[in-house]
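First chain A sits with chain B, and in the next complex the same chain sits with chain C.
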Partner chain A sequence: MQATRSLSEYRKRSTLTATTVFLLPVFFFILIFIIYPIIDSFWLSLHEWNGITSGKAFLGLENWKTLLGDKIFFKAFLNNMIIVVLSIAIQLPIAMAIAFLLDTGGKKLNFLKMIYFLPMLMSSVAVGFLFKYTYDPQFGLISAVDTMLGGQGMVDVLGDPHRAIFGVIAVICWQFIPFYMVYFLAALSSLPVEIYEASIIDGASHSQYFWRVALPSMKGTIKSAAVLSLVGSLKYFDLIYVMTQGGPDGATELMATYMYKNAFTIGKMGYGATVASGMFIIITVISLVTLRVINGKEEA
Partner chain B sequence: MKKVIGKTLSAALALAMTVSIAACGSGNQSESSSSSSAANTSSAATTTTVASGDPVKLSLWHIQTTEPMTSNVKADIDRFAKDNPKYSVDVQVMQNDAYKTKLKIALSSNTAPDIFFSWTGGSMNEYVDADKIVDLTPYMDKDNYKDRFMDAGINQATYKDKIWGVPVENTSVAMFFYNKDLFAKYNLQVPKTIKELETVCDTLKKNGIIPFSLANKTQWTGSMYYMYLANRIGGADAFKNAAARTGSFEDESFKQAGTIIQDWVKKDYFNKGFNGLDEDSGQSRTLLYTEKAAMTLMGSWFLSTAAGENKDFMKKVGSFAFPAAEGGKGEPDAVVGTVGDNFYHIAKTCKDPEGAFKAIQYMIDDTAVAKRIEAGRVPPVKGVKVSDPLLQNVLDAVQKAPSVQLWYDQYLSPELSDLHKSTTQALFGLSKTPDQVDKEMEAKAKELAAKK
Partner chain C sequence: MKKKFKVGKIIVALLALIWLAIAGAPFYFMVASAFKEQFEIFTTGVFAIPKGLYLQNFHKVIEGDFYKYLFNSIFVVGVSLVLILFTSLFASYPFSRFKFKLNKPLFGIIVAAMAVPIHVTLIPVFQLTQKLNLYDTIFALIGPYTAFNLPISVFILTGFMAQIPKELEESAEIDGCGKYRTFFNIIAPLSKPGLATLAIYNSVNMWNEFSFALVLTQSQKSRTLPLSIWEYQGQYNANIPMIMAVLTLCALPMILAFAIGQDKLIKGMMAGAVKG
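So, the complex of A and B:
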């Protein structure tokens, strides 16, 4: 008895040492590259600094007051919300449909899996340039198709303040559907074959299997996909930056592009940091609330 | 217990997913700079020589990424190092945008290169105010070295009555470039007044040709029309005074400029969808090459860009200055542009400013000037001779110009410049009236002036 206890204690202690040793380097890097920058961002947000001078002027909460009344930031937040809603509403169902079709298709459709995954392999900058030309009102693909269908051509997408955001969202969906497709495909193929066989034997049709069996058992995957998409959309930056730079006249401004513009283009580092910190708070709160709502039932 | 762990974990997860935004700005910029520095390590020229005196290491950053300019700069610096064996220079080439971000960070952390450049205007003034660059007046006055340069170039490098930079690279002014064949086909003459220009546009429109090609996602492109109109209507002083706060952005000339632009947009003088097109990817030039559009108002770098993209098209290209406004206060020969483009500064942290200045001189000595002309540039020195008639036009325009207005977006402070660019885009997009735009500009200018 005495011996076993000390053995288990010994084991506990050695495990503790091992975990500490293994986790320390990670913790160290997180501390330097994540925790410290966050704290520093908040600290910077209390200052006015043009990014060049060696001294920063302490402003207190002045920047935060400006942020609360900043119409452009509010507009950017709304744009982010449009992306969140449309991303989840468009990307996840389409990705799920493709994944299910590919899964039922089996090995025959392997080459389609490859093809569908291609957009994900391209860098966002390349995708942005590609679609910039696609949307060209004079020479672009969209205008050409419109002409073929008997229209006037000259479809202006990115230059129109009402359409530009949707033009970019279409590209975002094109780029990210493959990601969720693979995500769902992995989940589908990890469902035990027995379940499928059992439901078919029980007389379920393919669609019944999908709606009543496969979908419910993938609840966890769908939830995490939704959260991934949510957070990704809230901090979205690259395609907008390449395709519209937040224009025309702020119509596609996002929180992240607005932060970049303030900090690095205009040279208001302090206010840029305020926008970044504001984003941090907004995204954290939204994510936590979403997680709570999603997991609410199980935890209660 | 499990629940608590689960909750903590999910909270931590949410945190971890969001935190990357904090690093988002810097992450993006380090990505771009790392990609450019990767491309550039090969072109970084380090010349080391054994020498008399203590060896001095200098560093230089520039953005001449296109050949033959990259080799030209390298050759200039190599000649300097050869003649002055005491020095070795580490030259780094990078892309325009990466340069801006990198330099900003380097300056704030006092790790700036000894020699770097700006486009003068707002950013240079900021460096001066932050005490980051060396006053070059004594060096420029020595043996009247400054007389080598076009006066407009020296004016541009002057702030608070001192000279802070050496104009080196190029003289570029905005002018109209047009397709001579199309003008001949429709019997059109080069317009001398804005009214004549509008008649030309109307004729072109009637024949299904777009008068002006414009890609205005880039924003400074549309600004060129605005700058010239304001200049022709209100004279060079209207803007200068507004910027210096002795005048106002609500001046009548800005309102008129805005009104004319909106009138032109409504008359479809510009190609459709210009606010979504990107000048840097050549979306405006394609319209000219395919003869769908006849003219463009662009900086004179248009010549070398177009020559590189479409040699055949260059045979058809002609140029003319922005026409005069009837009854306007502006001189019709005044130009908008830059005389020097890249102005080299010496950082306050430089240990040997004298040597650094010598190095800069090698970039604009006679050999360097000859090479720059060969590459299709117009170096900002007096008595340059060019053989290309189109370049000669540019040179003539600068030499007879009573005043050179630096691009607004470089002249103004970064914050005001950004507002100018986005409001001009709104003006072109008809989403703001000229009055609204002027009011916004004036309010921001006041706010910034009050802070100083």
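So, the complex of A and C:
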């Protein structure tokens, strides 16, 4: 009796030691580079600091008051929301249509799949630069197309405050549609062949199969894609920074670019940390609410 | 009914062609321009096929600091990748196997960390790097790269390990194999396919990473490949073919990887698409 108890206790203790040893590295990294920075960011947001001198002036909630009344931050948030909505509305349907085409087309469309996937192979920076030149009013692709269609050329997309955000969203779609295409394609091809055969035998056309059978059974996948797109769009930074740096005149400013500018361009580290923390709160709340809504519906 | 079906098919085929043009044209623009002389695009137009294989652009790019940027990228990605793979391998073992009180809450922290936007941490990490005297060196990137790719890696690998049959370990334990030996002799070798997926996913991510590289490095000597485009742009601002040659060269490693193992690469790149 005594012996078994101590044996089980010994096992428990050895499990505990092993667990600690195995988990130490991962929490070392997470603690230093994720958890501590989040806390530090909130702490910094209570200060005024230029990032160079060692003196930080404690401001209390002053920065947060400024943030709540900051029209540029509000505009940046709106731009993020525009990207969220348009990304989901444009990327997912197109990606779904292409995925369905590739799925029904089978192996002989493999070369299409390869070309469609090309944009995914470039870094955001490269994509940004590529499209900066593609949009170039003088030498770019858009102007060339415009001339071919009998226009004047000289189409300025990124320099025009009304067009810039849409120009940027078009590039985002270009870059990410392949991702959702592959995502949907994987889901489509994992649907059992029997279901497809059964629907065709029952006299369904391809489009009927798509609308009535395939699409409804991909609800979960579509929801996940929408969540991925939502979270990604809220964090957006690289491409916009490369293409417009938030301009012209704040037309494409995002929360992340605004944070970067404050902290690293004009040296307002304290306020930059406030924007970062605000962004963190907004993203967390929106993600949690979305997940709640989506999971809630699934149960109902 | 049949007619409707045909109309749908035509629309889909049309979409396929349009998308082919949309996805392909900028790519064509990039590669074709890279082979043109500086003023060729003005005279012959954007879509024209290059007059000949003009390689001078590539020569000039490589003569510059290209190899240095390439080395920096390879170094940072390589070191971080090794750290990520070992750390997530270690962490996934207790998460997928051991019963202990804190298992769920600790794993919860990992899942939550997956959702943290890196921009919240940029300023503190920037400060930390300065304090550690690592600012503007490539070593500054290793910590953040490792840390930010760990949560999702642990998440994926824990799921993978959970599917390895428990019987193997149980019989090993009966044979007197301790926790560590079980891990190194049984679990680690069986996790290889999972690790391969992680390696692809993380390499691609880090190879293209931008934000940390932008904030934590400053001078040419410590720039990685994605940031090098900036340096070249400063040098060759008005020379579009030159910039396109840089972009083509930067995308080349990925394109090669894609050509060699496209299915594996696609699968690896999609590994991150886990339900939030």
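We adopt the following convention: the second predicted complex is superposed on the first by the 271 of 300 C-alpha atoms of A that agree within 3 Å, B and C clash if a C-alpha of one lies under 4 Å from a C-alpha of the other, contacts with A are read in each partner's own complex, and residues count from 1 in each chain.
The rule is simple: a residue touches a chain if its C-beta (ideal position, glycine included) is under 8 Å from a C-beta of that chain, and two chains touch if they have at least 3 such contacts.
Here the structure is a predicted model, which means the values were calculated and not measured.
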Touching partner for A:T53 - first (chain B), second (chain C), both, neither: first
Touching partner for A:F280 - first (chain B), second (chain C), both, neither: both
Of chain B and chain C, the chain that contacts the larger number of chain A residues: C
Contacts of A:F33 with chain B and chain C, given as first, second, both or neither: both
First, second, both or neither for A:P161, with chain B first and chain C second: first
Touching partner for A:K268 - first (chain B), second (chain C), both, neither: first
Partner chain in contact with A:S41 - chain B first, chain C second, else both or neither: both
Contacts of A:S205 with chain B and chain C, given as first, second, both or neither: second
Contacts of A:W64 with chain B and chain C, given as first, second, both or neither: neither
First (chain B), second (chain C), both or neither touched by A:L112: second
Set of chain A residues, in rising order, touched by both chain B and chain C: 33-34, 37-38, 41, 129, 133, 136, 139, 227-228, 231, 234-235, 237-238, 241, 256, 259-260, 263-264, 272, 276-277, 279-280, 283-284, 287, 291
Residues of chain A touching chain C in the complex: 14-16, 18-19, 21-23, 25-27, 29-30, 32-38, 40-41, 44, 94, 97-98, 100-101, 112, 114-126, 129-131, 133-134, 136, 139-141, 144, 174, 177-179, 182-183, 186, 205-207, 224-225, 227-228, 231, 234-235, 237-238, 241, 255-256, 259-260, 263-264, 269, 272-273, 276-277, 279-280, 283-284, 287, 291
Residue ranges of chain C touching chain A (in the complex, touch as defined): 1-2, 4-5, 8-9, 12-13, 15-16, 19-20, 22-27, 29-30, 41-42, 45-47, 83, 86-88, 90-91, 93-94, 98-100, 106, 109-110, 113, 115-128, 143-144, 146-148, 150-151, 154, 178-180, 183, 207-208, 210-211, 214-215, 225-227, 229, 233, 240, 243-244, 247, 250-251, 254-255, 258, 262, 266, 269-270, 273, 275-276
Chain A - residues contacting chain B, complex: 33-34, 37-38, 41, 50-54, 129, 132-133, 135-139, 154-161, 164, 227-228, 231, 234-235, 237-238, 241, 244-245, 247-250, 256, 259-261, 263-268, 272, 276-277, 279-280, 283-284, 287-288, 291, 295, 299
In the complex with chain A, residue positions of chain B that touch it: 3, 6-7, 10-11, 13-26, 28-29, 100-101, 104-105, 107-108, 110, 126-127, 130, 132, 216-217, 219, 271-278, 281, 283, 286-287, 290, 292, 414-415, 418, 422-423, 425-426, 429, 431-432
